[in-house]
Amino acid sequence: MYHLSVLLWLPAAFAVLGLLVPSRTTRWVAVVGALLTLALSVVLVLDFEATGPALQHVTDATWISALGVRYELALTGLNMWLALLATVGFAFSIVWAAMTPLGVDRRAKHVFFHLGIAQSAVLGALLAQDLILFVAFFDLMLIPFFFLTAQFGNGDRVPATIKMIVYTLVGSLLMLVAAIAVGVLATPPGAEVSYNIQEIAQRGVPEGSQGWLFACFAAAFLVKMPQFPIHGWLADGYKAMPLPVLAVFSGVLSKVAVYGFLQIAIPLLPQGTADLRWVVLIIAVVSILYASTVALTTFNARMVLAYSSVAQLGFITLGVMSLRPDGAAGALLQSVNHGVAVFGAFLAVAILGHRTGSEDLRDMGGAATKAPVFAVLFVVVTYAVLAMPGTANFVGEFLILRGTWEGSAPALAIVASIGVALAAVYALRLFIRSSHNRVGPVIQPREGARWELALLAVPVLLIIALAVHPQQTVEAADQAATRSVLSAAAAVSPDRARDILADDPSAQAAAEAAQSAAGGTGAAGGAGGAGAAGGADASGAAGAETAIDPATGQPVDQTAQTEGAGR
Amino acid sequence: MIALTAAAQAPDIDWAGLSSLLALFAGAVVVLLVGLLRSRFARETLVPVLSIVAFAVSIGLAIWQWDEEGSLMSGALALDPLAMIGVVGVGVAGIAAVLLSIGATAPREAAHGEYHAMMLIAAAGMAMFVGAQNLITTFLGLELLSIPLYILAATELHRRRSLESGMKYLIVGSVGSATLLYGFALIFGATGQLDYAGIAAAVGTEGLRDDPLMLAGVALVIVGLAFKASVAPFHQWTPDVYEGAPTPVTAFMATATKVAALIAFLRLFDVALVGTSGTWAPALAVLAAIAMIVGNVGALGQSSLKRLMAFSSVAQAGYMLVGVVVATQLGVQATVFYVLAYVVMTVAAFAVIEAAERETGHDGASSIAGLGRRRPLHAIALTLSMLGLAGVPATVGFIAKLRIVQSAADNGYTWLAIVLVVGSMISFVYYLRVVARVWGDDPETTTDVAATRGQTVAVEEPEAIPARAGDAASVPGLVPGGNDQPVVVADAPRLPITVLAVVSGAAIVVLGVIPGPLMNVVEDVARAVPGLF
Amino acid sequence: MSTGWYLAVSAIVFAIGAGGVTTRRNPLLVLVCLELMLNAGNLAIVAFARMHGATEGHVFALVVMVVAAAEVVVGLGIVVALYRNRVAVDVDELRELHG
Amino acid sequence: MSPAEAAWIVLLLPLLGAVVLGLGFRVWRGITAGIIGTAAVGLAFVFTLITLFGLLGRDEEGTRQIASSLYDYVSVGGVDVKMEILVDPLSVVMLLVVTGVSTLIHLYSIAYMRGDAGYTRFFAYLNFFVFSMLVLVLAGNFVLLIVGWGFVGAASYMLISFWYRRTSATKAGIKAFVINVVGDVGLVLGVILLLKETNSVDFLDTFHSAKETFGEDGSGSLTAALLLIMVGAFAKSAQMPLHTWLPDAMEGPTPVSSLIHAATMVTAGVYLIARLHPLMELSPTAQTVGAIIGCATLLVAGTIGLVQTDLKRVIAYSTMSQIGYMIMGVSAGAYVAGMFHLMTHAFFKALLFMAAGSLISAMAGEQNMNKMGGFRKAMPFTFLAFVIGGLALSGIPPFSGFFSKDEILAGVASEGGWHWILWGAGIFGAFLTAVYTWRMIFRAFWGPPVPEAKELEEGHLHHAAEHRNPATGEIEDTGVGFPGPEHHIAERAPAMRMAMSVLAVLAVVGGILGIPHVFTPLEHFLEPVFEEAHALHHVDTSITVLGLIVGSLAGIAGIAVAYVIWAKPTTRGEASTAISSGWQRRFAPVHRLFVNKWYFDEIIDLLIVRPVRGFGRWAHDGFERLVIGGAIVGGTTGAVRGASAVVRRLQSGYLRTYSAVVLTGAAVLVIYFLTQS
């Protein structure tokens, strides 16, 4: 039984410790801290039983008694893998920062302090089960990146970062008001105001005001990702931020927004979700197309990745808003994949940047001639970015497209799939213009340094591992995703909820509880409480050759004669 | 004769209750006398120490009287946790101001004795103002705290700006208090009562809700108090006075006056006039909204730090007013919590501004450029205070803002909460710009402070106004050249200021992460306000 | 005479005082006008005290007079300091702090 | 060893080869990489044989369709995808073709690629390609099929742009990949639509419950799903309109062209349609569309092949047209015929590409046919290979092409009705095939020997002064070593000769696998898979015999015409090319249409590439700055900055204004309050 607070505050502790030790050793302290946190999170993930209760490793204490705000953390199917992605991401970027001049800069202490605080804040946002705690960490998570970019960024960084911070805070401050309003409105007269997510889900927010509340939450999350109309801060923010920091910022922080949708906006405001579903879907699809076209025409390598992230997050939002378990589980899987792919991609751009001095694709070309190992690793990352079938990104995208096809509308899935083709174009264009063709005018191609290749190998290995067995990520998310989207799906139309249940017999038990909560206000019965009955009979583990008799689905005895199959 | 004597025996005064107020007055007298001594040591160090002792004693006594319930001076002053928290707040602000004044030019110019005496008397005025339960004592408290501040603002007699700020504060301040007085007169006319309980009863029974005299009176009182708390349309004196006055005085004004004004607001509106809240609540809400927008927007383009803090205090006053508007237990708790948080954050900010001003000679934005490298402790303190004022989580500012927004959302003022949030979005821009300047180290802006230590630094005004030929005659003792360039010796900041900055910085974070204890204090303060559900 | 008349007079005096403060440029006269405004309030309080027969009103008026005096003294002190600092005795001269 | 276990080994061997070669790429010196690669694929072929015999052994008792799964790949919501393979006669036939031909091509490449700097990398990519092809063929459910589909697309991209220093190669690579992705997307959407009804991605479940879920005559959504899936098939098999990547794919080394663009990858579409035959049977419209597209492609490709001057592109277009035949056949119900033609085509087309490779090496990398001529004496073996390949391709009895192609035509014709038009087109296609094949052979081998040929006759292989990229003519960057300056011709490289002779034998003998109505072992072997389908499509002997006769006549006529135009020494002494240029002048507009490849490239560029790029650039420069930067961000900050200026201007510094504001504020408030009452 591990105490989640240890995982949460470990990075912050190491951040402070880093301040005390002499500045030469700060970076190694930070690296040790990051690896320890990573180890702890891996242990927690392994310890999570998929068929166990919805909330595990719960730690619960009062934070602000007067307001009814509790300090409550828990590991659920939704946030487990994202927390692991966060620890991997921060470990990756801290090790990367430790190796670059950023790490030995005379103000290295600041770098690792801010990264540590940011990690704690991100983990806090992911693990929080209390609405106000989530909003507090959601806001806090941005501030370290402000300091990192203002001090260590490049170009005219201060106005760029201030624009980024204020832009994202517009959303999250609106969310603060919405969070409080949700807590307050959900309290039946006389009862104590409570911001616990499960509690509010049971109490049910009055349907009248769910609309604007969902709008506030959606605004905060869409600005954070970012998505099409409100991505003004993306270009300057990404250009100004130092690359090690940008890798984790782009890979991890946008996923907290996705988690926000799944854990808070949809389950707490089912009616609001149902009403505004189409607005978010349209935004997502337009983001995919718009960002893809921009990504395939811009000449700055960093901007290609920036806009590709917008497009990928457009897909993830599609999956989330399809209000179907496979769509939501696909979105979660895609979040993890996109995170890992982005870590590798930004490191590759950094390596290319070192060799060209600038990140302009027109100066690059022919990097592969002297750097075969780097080229192979970069190709695998490129395949992950463009979601080539075979990588887990494809599985994610397949589930999202299926969820959208059946949950939202076939036309939407078809338009979104244009994004898949465009993704192939911009990902390959980035790879070819940098590594293939003749040696570019400015670039001096040389093989990646040993540490660079070793570090780049980490995301590549993760991509391959996920590609071979994406099941563990999807399985964990399945029950939790069903629970969170069920009430919203029921709000859209009752028969959708029925066919979700039909689709996934294993969600039967969890669904009864959620079914009662789906009835809008004040339903009793804890949705979280009833753990899902044993998951689907995970067959197929047997390696032996079993001729499956298609009609009955049972393995058939070798000798038995079966009709249908050939004689 | 006997009857006369019998009738004229001494009134029964509850000395214990009054002790915290009397401590301040006694302190003022003692400091005044010690100030007369010839020796520099007596004046330079003994006087500040004594005034700190006076403040500390008054805080101690206030805490001692914490659980008392009742009234003093036959109903003139209230003795309840609300008043006591006011005294404590003022005491803390006073100590901070005194610490900032050590080594500053203002006390040297205005003779240490009088300077500190004025401060103590102003504090006494505030102590009276927060406890006042009678129109007379309220008006007396207000004037007792304002007049010493006029003088303090004008202490640096050789700096034209200080005099100007003093003059402006006096004239506009008097207009404000005259309006307040006229309001009190009308209320007195309408109810025939002077003490709050009487007024509350009269308003309740005789249905004075729509009596023209009463309404006009309440309106004028709102103007008077809003002026004192520097709420929007009546805030125009704040930026000029804050920038002109010497920084320690500005610090005292920004923190202590806000505590006094807000608590008086609470007591007057949530106790005496709670009956007519239907009329004044929406008006106050609109005023608060205007304050938030004007304060934040005004602060955007500021280059002088003190002027920026002035506009930010206008905005913060707007946030605090929300608690009064809501007129519920939660509202009172939210406002008192916010005020205390605001005091801590502003003290931290002014400590660093004062230190930077002593080093560079001016309070322009460039004075704190690259502070992160020169004075890391100051830089951290200023950063924490800026982030706290902006309302970033893990600082007491976030919790305070959270409480205000919840109290607003709880009572149907959700639109006000949205205005508050939009205002704080704008505030992030200028707070973060200050923080970026502190930590950024672009070389050209950092004046090379090390080189100028010890020499006289010509004060470079941010926007020097072309002095007219008429008054260029040089006055003996002034540095030649420039119409009134005062002499500023750039010397390293004294230890007390750094300690103050660090302590208040730490308090911002500690209270932000563990707000529990402060919450309990605020809870029993709210119980003291009867009549609210 | 009914209290209404006293009220009318006090309102008029208050208006005159306000007009004086906003138009006159000489600080001394501004201080005088401030006196006027305060005394208008005084007059109203005394009128109401007589109407309600509440003697505290008169105490209030006395307090106000003391306060008004204190203010004027401080005001004059600052004006003298300004004069010694070569600043013309003119309220509009005080515009170095703005923006 | 059961067939399934053998199949798993077949699947994993090439992957093992690729990994071994990939990881130790600095270690392998000389041709060791080639040997390892060939060994890996050779072993896979051996195990395929084991699987074959295992499957044959089960003829009497057990079922012939074995699905074996390792573990749960993804199971969420209703979707339950397992990592499983399906071993049945159809997949074993494909296994035989893929592993067999790959082994020979690896053998050929050992010699052909020697001297190239990326030698080990080449074999690693080739092994990876074979692995991905096997995943595609052995996949037991739709998702794994798409995974194989994706891998094959990626491997072909890597091999097309193998010589990545050539910008033309990388452009061709990205073009191939993107069109493949378009195919993938079609496939994915089709599968999702199918999934909506069947709720299972597993092949066997879907096929056996096909009738219940879709009803007797198949539903509208089934047709839509199949059409979407066929988009994937057409992209992979280079059918119209998604065929433009195939000619450009000739940028890759010749063994790549022979493996990927002749034998294996392009046949994936045919395999897919054959695999989905239970569904195809239920949707006549999908079958018609497939047949028409196949027919159209074979005609268009034939016509373009007539006018191409680049040797490899002629063969590429011939591949396109032969695949057209297969798609037409398989769509029309002649599944066994389609698979048979697929197998024979693999033999003689790979042979032709190898021979072309040897010829091009002789020309020191020059691929333009106008510069070739008279190699008959110089390269007898390559000439013999060309002749055998040409005869088989033109469908001249008794070569394998003759039987397989005519069987397809017979199958199509037996459908009756408008299918006869397809049959006619097919015959005319056969004639065209014969013409352009022999045009190529006569242009290359007949006529006076060109200098390179003369040099070769004296036993000295010609070496070009500077090495030029055949497509663009830019000087090759051999500094980094590839394409290597060395060239290897079959006559001098035993490995090449061995591979080509095996294929030559197969090309000649291949026909016996399916002599119509006489001896049809292939049909019998594939019987269990297409058992219900056969009941529907009965081919009577009369049509077959008619097809055989007319087909061979068309082939012979084509050769004759080619001989007349390009080979016969003309009586009037003009150069032999006079006659062909004469034809060109007479049909100038038609000629221009064919030379420009029916303007497909230009159409696609106009309709898709240019608008997308234009929108992207407009969005990037215009929209971002104006709307996002200007309106949303700039607007708000502009408003706030304006308000701030107003507030600061109000702060005028004049004392009197401040008091005025306070007093007017008071007055306003009083009036407001009084109106309240």
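Lettered A, B, C and D in written order, each chain numbered from 1.
By our rule, contacts are C-beta pairs under 8 Å (C-beta built on N, C-alpha and C of every residue); 3 or more make two chains touch, one makes a residue touch a chain.
Because the structure is predicted, anything quoted here is derived from the model rather than measured.
The fewest steps needed to get from chain A to chain C, moving only between touching chains, is 2.
Of all chains shown, the one whose average CA position lies nearest the global CA mean is A. When C-beta pairs in contact are tallied for each pair of chains, A-D comes out on top. Centre-to-centre separation between chain A and chain B, using Cα means, comes to 46 Å. Mean C-alpha position of chain B lies 79 Å from that of chain D.
With centres set at the average Cα position, the gap from chain C to chain D is 97 Å. For the pair chain B and chain C, the distance between mean C-alpha positions equals 25 Å. Along chain D, residues 648, 651, 653, 655, 659, 663 each make contact with two or more other chains.
Annotation for chain C: residues touching 2 or more other chains are 18, 21, 91, 94-99. Of all residues in chain B, those touching 2 or more other chains are 167-168, 171, 175, 239-240, 302, 429, listed in ascending order.
Of all possible chain pairs, the ones that touch are A-B, A-D, B-C, B-D, C-D.
Per the touch definition, chain A reaches chain D in the complex via residues 163, 167, 229-233, 235, 290, 293-298, 324-326, 329-330, 366, 368-369, 372, 376, 379, 383, 386, 388-390, 394-395, 398-399, 401-403, 405-406, 410, 413-414, 417-418, 420-422, 424-425, 428-429, 432, 435-438, 469-471, 474-475, 477-478, 481, 500, 502-504, 536, 538-541, 543-548, 550-551, 553, 556, 558-559, 561-562, 564-567.
By the touch criterion given at the top, residues 3, 7, 10, 14, 17-18, 21, 27, 30-31, 34, 37-38, 40-42, 44-45, 47-49, 51-52, 54, 56-57, 59-60, 63-64, 67, 70-71, 74-75, 77-79, 81-82, 84-88, 91, 94-99 of chain C touch chain B in their complex. By the touch rule above, chain B contacts chain A in their complex via residues 333, 372, 387, 392-394, 398-399, 401-403, 405-406, 409-410, 414, 417-418, 421-422, 424-425, 428-429, 432-433, 435-437, 439-441, 515-516, 519, 522-523. Of all residues in chain D, those touching chain C in their complex are 648, 651-656, 659-660, 663. Those residues of chain B that touch chain C in the complex are listed here as 135-136, 139-140, 143, 147, 150-151, 154, 157-158, 160-161, 163-168, 170-171, 174-175, 177-178, 181-182, 184-186, 188-189, 192-194, 239-241, 243-244, 302, 307, 463, 465, 470-471, 473, 475, 483-484.
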